[in-house]
Amino acid sequence: MSVNQEFRPKIVAFCCNWCSYAGADLAGSSRLSYPADVKIIRVPCSCRVNPMFILRAFEKGADGVILCGCHPGDCHYSTGNYYARRRMTLLFSMLDFMGVENGRTRVEWVSAAEGVKFSTVMNDFVEKIRSLGENVRLGDLRCKK
Amino acid sequence: MHEHECTCHPGFIHDTLIPQVGVITDIRQETPDVKTFRIEPPQGGKFFEHMPGQCAMICVPGVSEAMFSITSSPTNKEYQEFSIKKCGVLTDCLHSLEVGDQVTVRGPYGNHFPVETELKKQNLLFIAGGIALAPLRSVINYVLDNRQNYGHVDILYGARSADDLVQLKEIQEVWMKTADVNVYLTIDRPQEGWDGNVGFVPTYLKELAFDTNRTAILCGPPIMIKFCLQALQEMGFSKQQVYTTLELRMKCGVGKCGRCNIGSKYVCKDGPVFRCDQIDELPAEY
Amino acid sequence: MKKIAISNLPKLYAAIAKAQSLILPVKTAGKTNFSLWTEACDVDLQTLKTVKSAKDAFFPQSETLYHCHRDGKNITITPEDLQSESFVVFGIKGCDVRGIAVLDKVFLAEPVDSFYAARRCHGTIVSLACGAPEESCFCKVFGIDCAEPEGDVVTWLTEDYLYWKPVTEKGEKLTALVADLLEDSDDAAVTAQKEAIGKIVEKLPYAALSLEGWNGEALNEKFNSPLWETLYKPCLACGTCTFVCPTCQCYDIKDYNTGNGVQRYRCWDSCMYSDFTMMAHGNNRTSQLQRFRQRFMHKLVYFPANNDGMYSCVGCGRCVDKCPSHLNIVKVIKAFGKEGK
Amino acid sequence: MQEVKNRALALLKDGTVKRVLGWRIGENTYDPEPAFFESEEDMQTFVYNNFCAANLSKYMIEASKLEGKTLVCLKPCDSYSFNQLLSEHRVDREKTYIIGVGCKGKLSIENVKRAGVKGILSVNDTDPLQVETLYGNTEVSYKAAMLDRCHVCKGKEHVVYDELIGESEDTSTADRFAQVQMIEAMSPAEKFAFFQKELSKCIRCNACRNVCPACSCRKCVFDSDKFDSAQKANVDSFEEKMFHIIRAFHVAGRCTDCGECSRVCPQGIPLHLFNRKFIKDINTLYGEYQAGADAEARGPLTSFTADDAEPSVVAEGGTK
Amino acid sequence: MQRIGVFVCHCGSNIAATVDVKKVAEMARLEPGVVFADDYQYMCSEAGQAKIGAAIKEYNLTGLVVCSCSPRMHEATFRKCAERYGLNPYMVEIANIREHCSWIHKDMEEATQKAVILARAAIAKVNLNAPLQAGESRVTKRALVIGGGIAGIQTALDIADAGYEVDIVEKTPSIGGRMSQLDKTFPTLDCSACILTPKMVDAAGHEKIKIYTYSEVEKVSGFVGDFTVDIRKKARSVDEAKCTGCGVCQEKCPSKKTPSEFNRGLNNRSAIYTPFAQAIPNVPVIDREACIKFKTGKCGVCEKVCQAGAINYAQEDEIITEKYGAIVVATGFDTIKLDKYDEYAYSQSKDVITSLELERIMNAAGPTKGHLERLSDGKAPKEIVFVQCVGSRCSDERGKPYCSKICCMYTAKHAMLIRDKYPDVNVTVFYIDVRTPGKNFDEFYRRAVEEYGVNYIKGQVGKVAPQPDGSLLVQGSDLIDNKQIKIKADMVVLATAIEPNQGVRNIATMLTASIDTNNFLTEAHPKLRPVESPTAGVFLSGVCQGPKDIPETVSQAGAAAVKVIGLLAKDKLTTNPCTAQADELLCNGCSNCAKVCPYGAITYETRQVNDHGIREDRRIAVVNKALCQGCGACTVTCPSGAMDLQGFSNRQLIAEVDAICR
């Protein structure tokens, strides 16, 4: 696989406030690095993430979007991530159906204690997006000028 | 000039859909929710020549765009002004701007009050409510600056409270002091420190009992227009003697996009100024 | 009169496309629409009606007006360039050519729309006579001869040849450009085809549709008719009729934030949409009845009132074919006709 | 079906219903239009034939706001849509009198034309269809003229009705998910090319949305500024994808697969594929679910189980 | 449009070492809405906050963006700061340029660029912020403690002593919990019952404490300060008011074949029973599944012998609905099931027992009256093997990944007690590590080895094979001498891992308290808020939060009580204003949002709306601000976008996306 080293993807990570955002904080305070390409948006719960946000990110030029939430069963709001899981499963399946590379989207469950996991996941995801290259199938060309 | 020129239509260098950049050079707080903005092109001066009653589209890029009457008179050779009431996303944003901020302006759009034709030599009665003084201010100042062309001028202006009277300084310092001009102010409810008339505009209008030897120019919220028109008719005015403006529900400004189309008229092109008998001919969609 | 063998048409397209861009009916995923010619495209002259009319060529469904950049407090406006290259629209039917004439009345009226005007003056219209009119056609009602359409060049398609007749100066220029591919011809085949078409047109179900009573004067009487109350009911408030119509010209002006600035564009809009007249400070037409009425009143009453009796309908019948609820302008006209009797 | 007309007329006359929602006779056999009838005289233009294909359930949203009962003619498949609307409180069962009309497959004039028939002057609605055209007479088989959705018929049972008139027949001849499976089997590049081609035709006329009984929002997100997503035209190829994906997502778990979207698309885009993809996924991952089958049921996107499949597993083709 | 001030914090060198803070401020100044941008050493310091205050005044700011550490750290600080200077606290957004940027990136240019983008996103968001008003809610001055073990009892006593009403809900017929099953406690070897019973009595007699035994929490709704709880008081079939606790019914009961839960099934009890002698309340319960009267209708012995006439077969479950301001979870633990550990022959041999079973055997009130004997044949064992870490510190799915914490110490206790009472018995302990952190713990362990001669072998037991002669062949490895060991034992005691009690997941779900992968309840912060759950108003006491011994449990119980008292001492609470809200003009009234709301916060009402001139009655979703916790599940379910979340609105999140992707 030829990986373009110059390519710096734009990656949006939606993190739930209670688990994954705290996990990212822990990764930070543990100085566990991951590429700067990842930018985190804090949401109260993974279930707050609307498919439209994900498509919007791609529209505006994101190359990958990852959603991180509490582990199933551990949701601060008890059931939010279960709904998020179904929604994202279906959305991602649809994107795949339409020919969008399915590696561009991902859901990961990262608890507040899993700083290491957060960093590993992000490193892995960025690597994946780098190998997929620029998102051309789901962007609005007007934003690429 | 930009290179926006059609090779076979050299005349079409300036599509009115393309705005100019405008710099806010002065902001006056008229009332708690009305500000008057002086907007000029970066090089100064006016964007275009206009006639009283015409409008322009002001846009904060990325926020929204809307039509506003040009409140300054064409006789003002230096700049153009807009009085804008805070009532939505765009106007909220405009109100948060400062001197030096930029917006875009396109226009002028629409027709104008027939100041050089039907209104000439006439006695004029201006009736305005609240922010609706904005379009009339342009006509009034035009008339006052060409005082010899017109007869007696009466101005009846009302607002909810004394604090809501727009352009009060100009009214008191200029209009009231001009010869052969009577200004009648009224507010809806009594208020401390107000020794003028209290009451709604239509009521005061009837009380003032003007004779019909004049042309009325009426501008205000729809409900005020309705009752003032009734009052005028009771006082013996015919609809041909009354001019008003329709609300500025427009998009393109050039009579093409279809939004402000009412019957065979486009408010943005054939209006916003109408004689009341003309309005009667339109289907009831305004 | 010139002609070119059907088998040579690809050469003709290639020759035109070499010099100018060429827009013509192309079949994509089973449907035929006007589209830019490419070597690989599937040109389709057999389908009588493209789904969308040819108006896109001059008044595209969406077009950028200008870009607005912000640098700190400073705003820069960069208008989109006007059309400055010549292009050819090939294969437009008579109704669509008239549709462009209707658009001219709007966009070339003062103040002239320079984006449209620039396209109009750089575009050459090569029209194509209708070989086999269909049941929904009623262009004849509007005085259109589908057997001999207007245009810069008029063409006829027979089994073996495309007959080619330049009509205007622009048409002559285009003809000169492809002169090598054309051969001289007599009118015989064309005359025969016109005659055959004429017979078919007579038999069309809506050939005798009467527009009596539809004019600028009828405004308030038509506007206030109780018939609208029944007529609008099945309307889904979609924009199908509007967007397939060759004459509908309502548009919206919108901003798109590209991240680097704002791109202002305009795009087709439909007066049937519930948000069409919904503005920050009010709404002229709050009910679907009003919106439905607006479309037909505009085409049949308001437009003629402003344009010397010219209707803003050309009888192409696309709305007849495409309305999901089987509503259309013919039913409206007829409903009022019945009432008149 | 004269019986439908007679019965509707009787119910209108005896005051059981205030109006009838059915079809008004068109210019021809094939273009009847959905219509409300309030009087006996009005009912003279009532028609019910095999071209009466539209799903009338969505009209009941507006009719439910009117005074009095509305009689509505629903086919078996329409009754699912009605039930779904009922579960979402968009229609009022108390104000509805449902005649469940038997259905043996509905006809589409588009399909007659697709069979190569041009210049149709008249057509009947029996098997085979006798077509008189400007260019001669011809025949088209009923099956060929039948709406695409009837080939994957939901069956002959009405899920909600007040009375039934006429026999129904299950007209399904094809596997509902065959097309979806065919696309699933494609490579990403092929899938992308397929949808790019189809969606490039979209003119954003919103017919699919406006006809859809599940798209019953008072104001669609694509018409409002709530998401800064208001669109009118496909300025860029992204927008039609956004529109159709989100539209399908919004109706996921609520779409009864009535097929109206594909029926009305002026550009013949197979829009039902989006909905069926979701239905197929839902069936595979969360258990068989037919929206509208049970007005009390909880939709698949408003419920969950603790051990639902993970998106990563599904992305690899797994289901658990 | 807002007037935004951007404040970039150096955090000493924490941020400034890798992020060019001046550049961030400079770039931020160019963003729409920003009228002021500056950087400072420590923004959270008093001087830093004063700087913010000065800028608010001077530039008439309407919104603030602070580029600093995680909002989880200082969002509250800066919100308070904004409020102090007259700005709505919710007009503040934090760009996390420390944890999410400077600490993880090395390259200055890269980190600065990222910080600029994070700042942009926060600016874009704050541009759309609206002032929010935190509401107030009342506090019901009563607490609920779920679980009547030592943790629950101690918490309840501490709360009640402070003067607040407390209810204890215990699912078994008596309070007391696990501690009541223990014989002696380490490292003091004092009698468990002797120290527990007085506390049980105190609780039972406390005027502020109400105890619901044989009861379970059935439904919880509401929120901090105002929970409504349904408690199912299971039918005891004995009238508590009449029963004198004489015990005759238990003696006479003909059905005596039900394994005793209290004695871990080592012996049987009657159908009508009190779990143990000191049970509180001392009122028996009829086990309807075992009772002959209930099974066949014939019997009624207990009714006949009861002088007090307390037996009531017709008694039914009772639902008690009560309001509470705070809830403490003290549901305790159980030992794991050993069905996946066939190698220890637990299910095959009666002489392979768990440590908790050994506690019962050693206890004078236990099934063997305190005599150490083999349950298979009643013989006294001579050779006992203890196996440590059975299911604890386990890397595979059979057991638990964590250390159960108490096993090392209780095993030392058991070994010592046996060697003390039965010096002829050989005791061998197989261990992985011996963990003895704790006051006097290591000394205790050393006594076991040094004074009592307990044989500790570092190594694991591979197999326990029951022999035909009734003995148990223990095969293990000695890791120090690196050799295989075979011991012919008479009894094997398994230090079985502990896990949270079965019902805790259900309780956590009812309370919307989060739970970790091992079913331990999650604390709000592992270090700083160890006794609070992330769900406001729910507190944690005892092993339900993580393995701990008695003194730790008691301390935590006290700590939880303090938190509860702190809460109940308030009259009003401020509520989170970041709640959902429905736009009445867009709402379809479809009910889908209510279906996904975990708090039942959404209801519907029919009301007249004026939709751009169309007046009609519509069914509209209404969010109860007091119930809504702001998760946002409803916002995504709503197709029209009518439902939106204040503070995290659709437009705000989209603005952030746009800013990041631009």
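Lettered A, B, C, D and E in written order, each chain numbered from 1.
Keep in mind that, in the parts below, a contact is a pair of C-beta atoms (placed from the backbone, for glycine too) under 8 Å apart; a residue touches a chain by one contact, two chains touch by 3 or more.
Note that the structure is a prediction, hence the values are computed from the model and not measured.
A.B. asks: Using the touch definition up top, find the fewest steps from subunit A to subunit D.
C.D. replies: Between subunit A and subunit D, the shortest chain-hopping route counts 1.
A.B. asks: Touching both subunit A and subunit B, which chains are there?
C.D. replies: Per touch definition, common to subunit A and subunit B: C, E.
A.B. asks: According to the touch definition, list the chains common to the neighbour sets of subunit B and subunit C.
C.D. replies: The common neighbours are E.
A.B. asks: If you tally contacting C-beta pairs, which pair wins, A-C or C-E?
C.D. replies: Most C-beta pairs in contact, of the two: C-E.
A.B. asks: What chain sits nearest the middle when you go by CA atom centres?
C.D. replies: Of all chains shown, the one whose C-alpha centre lies nearest the global C-alpha mean is A.
A.B. asks: So how far apart, in whole Å, are subunit B and subunit E when each is placed at the average of its C-alpha atoms?
C.D. replies: So the centroids are 67 Å from each other.
A.B. asks: What is the distance, in whole Å, between the centres of subunit C and subunit D, each centre taken as the mean of its C-alpha atoms?
C.D. replies: 30
A.B. asks: In whole angstrom, what separates the CA-based centres of subunit B and subunit D?
C.D. replies: That pair's centroid distance is 51 Å.
A.B. asks: Could you pull out the residues of subunit C that touch at least 2 other chains?
C.D. replies: 70, 252, 256-257, 259-260, 269, 282-283 - these are the residues of subunit C that touch more than one other chain.
A.B. asks: Note the residues in subunit E that touch 2 or more other chains, in rising order.
C.D. replies: In subunit E, 32, 596, 637, 650, 654, 658, 661-662 touch at least two other chains.
A.B. asks: Residues touching two or more other chains, restricted to subunit D: which are they?
C.D. replies: Subunit D, residues with two or more chain partners: 219, 221, 227, 235, 301-302.
A.B. asks: Identify every two-chain combination in which the chains touch.
C.D. replies: A-C, A-D, A-E, B-C, B-E, C-D, C-E, D-E
A.B. asks: For subunit E, which residues are in contact with subunit A within the complex?
C.D. replies: Interface residues on the subunit E side: 70-73, 96, 98-101, 103-107, 110-111, 113-114, 117-118, 121, 505, 508-509, 512, 514-517, 522, 526, 534-535, 578, 596, 598, 629-633, 635-637, 645, 648, 650, 653-654, 656-658, 660-662.
A.B. asks: Once bound in the complex, which stretches of subunit A touch subunit C?
C.D. replies: Spelled out, the residues of subunit A in touch with subunit C are 60-61, 140, 142-143, 145.
A.B. asks: Please output the residues of subunit B touching subunit C within their complex, sorted ascending.
C.D. replies: So the residues of subunit B touching subunit C come out as 2-9, 11-21, 61-62, 64-66, 87-90, 100-104, 247-249, 251-252, 254-264, 281, 283, 285-286.
A.B. asks: Please give the residue numbers of subunit B that touch subunit E in the complex, ascending.
C.D. replies: Touch list, subunit B to subunit E: 60, 62-63, 92-93, 96-97.
A.B. asks: Across the complex, what residues on subunit C touch subunit A?
C.D. replies: 256, 258-260, 263
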